[in-house]
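For reference, the structure I am asking about is given below.
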Amino acid sequence: MKQADFPILNQTINGQRMIYLDNAATSQKPKQVIDAMTHYYQVDNANVHRGIYDLSERATAAYEASRDKVQAFIHAKYRKEIVFTRGTTESINWLASTYGVAHVTADDDIVISYMEHHSNIVPWQQLAQKTGAKLKYVNLNSDGTLDMSDLAQKITDQTKIVSIAHASNVLGVVNPIQEIANIAHQHGAIMIADGAQSAPHMVVDVQALGVDFFAFSGHKMMGPTGIGVLYGRLSLLEQMTPAQFGGEMIERVSLTGATFKPVPWRFEAGTPNIAGAIGLGAAIDYLTAYGMTQIENDERQLVAYALPKLLAISGLTVYGPQDSAYHTGVIAFNLAGIHAHDLATALDQEGIEVRAGHHCAQPLMTKLNLSATARISVYSYNTMTEIDRLISVLEQIKEYFSHEFA
Amino acid sequence: MKQADFPILNQTINGQRMIYLDNAATSQKPKQVIDAMTHYYQVDNANVHRGIYDLSERATAAYEASRDKVQAFIHAKYRKEIVFTRGTTESINWLASTYGVAHVTADDDIVISYMEHHSNIVPWQQLAQKTGAKLKYVNLNSDGTLDMSDLAQKITDQTKIVSIAHASNVLGVVNPIQEIANIAHQHGAIMIADGAQSAPHMVVDVQALGVDFFAFSGHKMMGPTGIGVLYGRLSLLEQMTPAQFGGEMIERVSLTGATFKPVPWRFEAGTPNIAGAIGLGAAIDYLTAYGMTQIENDERQLVAYALPKLLAISGLTVYGPQDSAYHTGVIAFNLAGIHAHDLATALDQEGIEVRAGHHCAQPLMTKLNLSATARISVYSYNTMTEIDRLISVLEQIKEYFSHEFA
Amino acid sequence: MSLHNLDNLYRQSVMAYAKHPRHYRPVATTDCNQATKYNPTCGDTITISVELSGDLITDIHFYGDGCAISKASASMMTDLVIGKDKAEIQQLMDNFLKMTMGEQVDTDTLGEAQLLAGVTKFPTRIKCATLPWHTLQALLFSKEEAK
Amino acid sequence: MSLHNLDNLYRQSVMAYAKHPRHYRPVATTDCNQATKYNPTCGDTITISVELSGDLITDIHFYGDGCAISKASASMMTDLVIGKDKAEIQQLMDNFLKMTMGEQVDTDTLGEAQLLAGVTKFPTRIKCATLPWHTLQALLFSKEEAK
């Protein structure tokens, strides 16, 4: 992928060319995406669905065209299965506070895993607290993959909801969602996949995965902030009550009650993030033109290149699978004797932007008996040269911290 | 205000220079706002609050600087009283579903008015349905202003929440929020103002208004879509539970529960609309540099010019006050014998973009015994020349529909 | 001047139908076979009631509040469907909906309703033209409106 | 090379404090006068326990998990506050917090802790340096951390 498409990458930080390796937190945007939003504001901006004039028709058409793009991108059966949200967090919260409250009782349980992001934990904790249901965590194997035999035990006929990350934002593993969905369905539970870390990096086919709901964020897939998606199987969405009320989701309002528009508009209360949806559409165009399979390949190669080099640094521990064939572009690690935060500050001095901390996955950190790790996460626009520089700077930092203060 | 700052205004629609008169639905954006977002994506884009590297620090500083700008703009006492939301609709929904659910019981009532937007009706209907509380509507006087004696009767010691539009999106009236807040407080109720139509057009001082909560949308005040604000009095915000969970609002997560960050971050779950907040900050800079008082003056002059000319068209009915001294830049009207939709289509043929319909205020329409009206709504960038053209085209349309099909 | 573009939509005959709608009278709650549809975007409402003899529409009337286009469309539709059976009406419906989407169809069968073909140039108004047809569809075939 | 900018932050003496922290031992649940603070952004935790005689700190120890900066800062702070009373500590606290914000203060009173002044050039790390002080503040004055 052409770095030249990404204006932000062409900058220096602390005198060094920036190497951006925090893509799991948020991705950078190609100029095509920035331009699409600028164009919207410079040419087409109006409120959607409500106007009967030309400008508003153009805005509505552009907004709804993005829905079609999302549908094609995740291979949903119907365009109405695509609901625009603020992001993964909102998508999952809506599920917990509407579908969850309607279907889960004190006798039921909800199954998640130890590798979930807080956004796929806390909404379920709240639901469990509210309903008296039990929240169960599926164990991990020693290599960080999901313990499928534990999963088969934890999912029972009492399980109403199974919600699992498609790809981990710490361990670099991809979970076998299709297999999990089968097990969930055998027990009459619905299957939710948190696609925040998968949708940006691999071909997603919600029908093949067999999921009932799929959540992801635009900003992690080259799209703008403030926009994301909740995919839902039509029959389930149609039963679901909205989480928010007002504006365009309304059909009729009397003094005492209201009826709502059909799916998906029913879920999009108030003026939506129109420019955000259009930017997401442009991001999908960009990703699709380049090819999601190509992105998968690029990142597989980057990991195949980086992982052995990282593991070769003595004192460096990688969490999750050690074999690059089973590791996504998210690599969490620690360097013995240097706290992750100090490491991140040192890398930043060399213009290398990585994350350090708990990565919004505290239950996982507790499980791994860690308080913090450093994490790099690549996107297709990263290069082998950048990996080379990362490795060499890591070596220098090791030296700096061991020699200078011996 | 310089039209040249607004690239979108320089276009033709159906061969005519566009005249945008649907500002109550959404406003146009000056290039300063578009540029601020482009700059963010081209230079500073990173996730906020989580990084310990330079780029993320810049993104966080820019995001939090917007909070300071909002605080100054509405004269809030503390920066922590500013919560970023998607818009007015989300702000009010959060109040209804958290503060409302926590404080309203079957014996209580909630007071709104007949002139509210659906976004300030339906969330309260839902709350009333859920809790058994009573939803009361304050009557209007024949000129469309709020019936203050009815209000004084409807607000009782049973009232827990009073929620009223600061400015109407149909009738062009500004409600005496300070006086209403006093009455609400005398009865121990909290006062919410829907500021969607006021914040863009007048100086707002939430402390002087005496409101407990104030909601508004960025996109109506020259800012981007997908961002809005919930202002809350600190002591109330601090008691309030969040509506969404996950990501940056978290402090600690154990397997069974979580603690949350302090106000306001507690309410901002997931990756927020960072570029949106930055764009809103740029909009506030733009509005403030020009001057909110100047905007009020500009629009008062436009209305003083337009309203008498409209009223002079025979067969044209204006809803709300007939005296321009008491009418904001929102003017709803009908032209006898021409349905509002046909009128809007005809105006669009001449490049004049206005709204027709119920303006998301069906209870008001029912009350007024109307099914639809046309509506123009000006912003400071509109001009007398545009008003002249509107008036002359309205005359032509009248002629077209009466002569052509006599 | 640009207003004359409107002629594509508001032809004299269309306006005549709108101003003097045919089969237009209140639908009583006691009238059988009725359906109401509503366009939430603009607030247009229409209620239709039909009398059926087997599959055949023997009478129809409508009432409601809407713009010239929806009233004219309803008016033309009522003229057209009386004396037709469900199969024929289904065919007319398909043709009419296709015509408003700008597809090539045999419009001759649509009688006066073909005068609404101009709506294709006014995309925001297509829903006004199709509202009566969707209402009749719901009434006769009680299918959900395909969107 | 750019890593030498780090010298502003990670001075030899700072690293010595981090590697061999002073008054660093587990805080038992039975220890009195204790407080724990947590930096939710990065996960650093610190627990402090003090022994008081009236207003005077006679002993202090801390435990926790954190980066070099937060450990060094805690370590230096414990050295500094033993034998001081609340009023003096309040003064030190103010000075330290101001120093980390880049304000001009009399840093001499801060002893070794003044070595952390370099943190002003690393804005994301200021919270690491101030975490122990905020914890002590909560413990002694049970005020909410001003943000």
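Letters are used for the chains, namely A, B, C and D, taken in the order the chains are written, and counting of residues starts over at 1 for each.
The working rule: a contact is a pair of C-beta atoms (placed from the backbone, for glycine too) under 8 Å apart; a residue touches a chain by one contact, two chains touch by 3 or more.
Computed from a prediction, not measured in an experiment: that's the story for all the values here.
For chain B, the chain whose average C-alpha position is most distant is D.
The pair with more inter-chain C-beta contacts, choosing from B-C and B-D, is B-C. For the pair chain B and chain C, the distance between mean C-alpha positions equals 36 Å. Here the spacing of chain A and chain C, counted between their Cα centres, is 46 Å. Spacing of chain C relative to chain D, judged by their CA centroids, is 77 angstrom.
Touching two or more other chains at once are residues 41-42, 124-125 of chain C.
Under the contact definition stated at the top, the residues of chain B that touch 2 or more other chains are 14, 50-53, 56, 250, 252, 341, 345, 356-357, 362.
Residues of chain D touching chain B in their complex: 38, 40-42, 123-125, 147. Contact residues of chain B toward chain D in the complex are 49-53, 56-57, 80, 250-252, 261-262. On chain B, the positions that touch chain A within their shared complex are 7-8, 11, 13-14, 18, 20, 22, 25-26, 28-29, 31, 33-34, 37-38, 41-47, 50-56, 86-90, 92-93, 117-123, 125-126, 128-129, 135, 137, 217, 219, 224-227, 243-248, 250, 252-258, 269-276, 341, 344-345, 347-348, 353-357, 360, 362-363, 366. Against chain D, in their complex, chain A makes its touches with residues 14-16, 339-342, 345-346, 349-351, 356-358, 362, 365, 371-372, 393, 396-397, 400-401, 404-405.
Those residues of chain D that touch chain A in the shared complex are 1-3, 5-6, 9-10, 12, 15-16, 19, 41-45, 65-69, 122, 124-125, 128.
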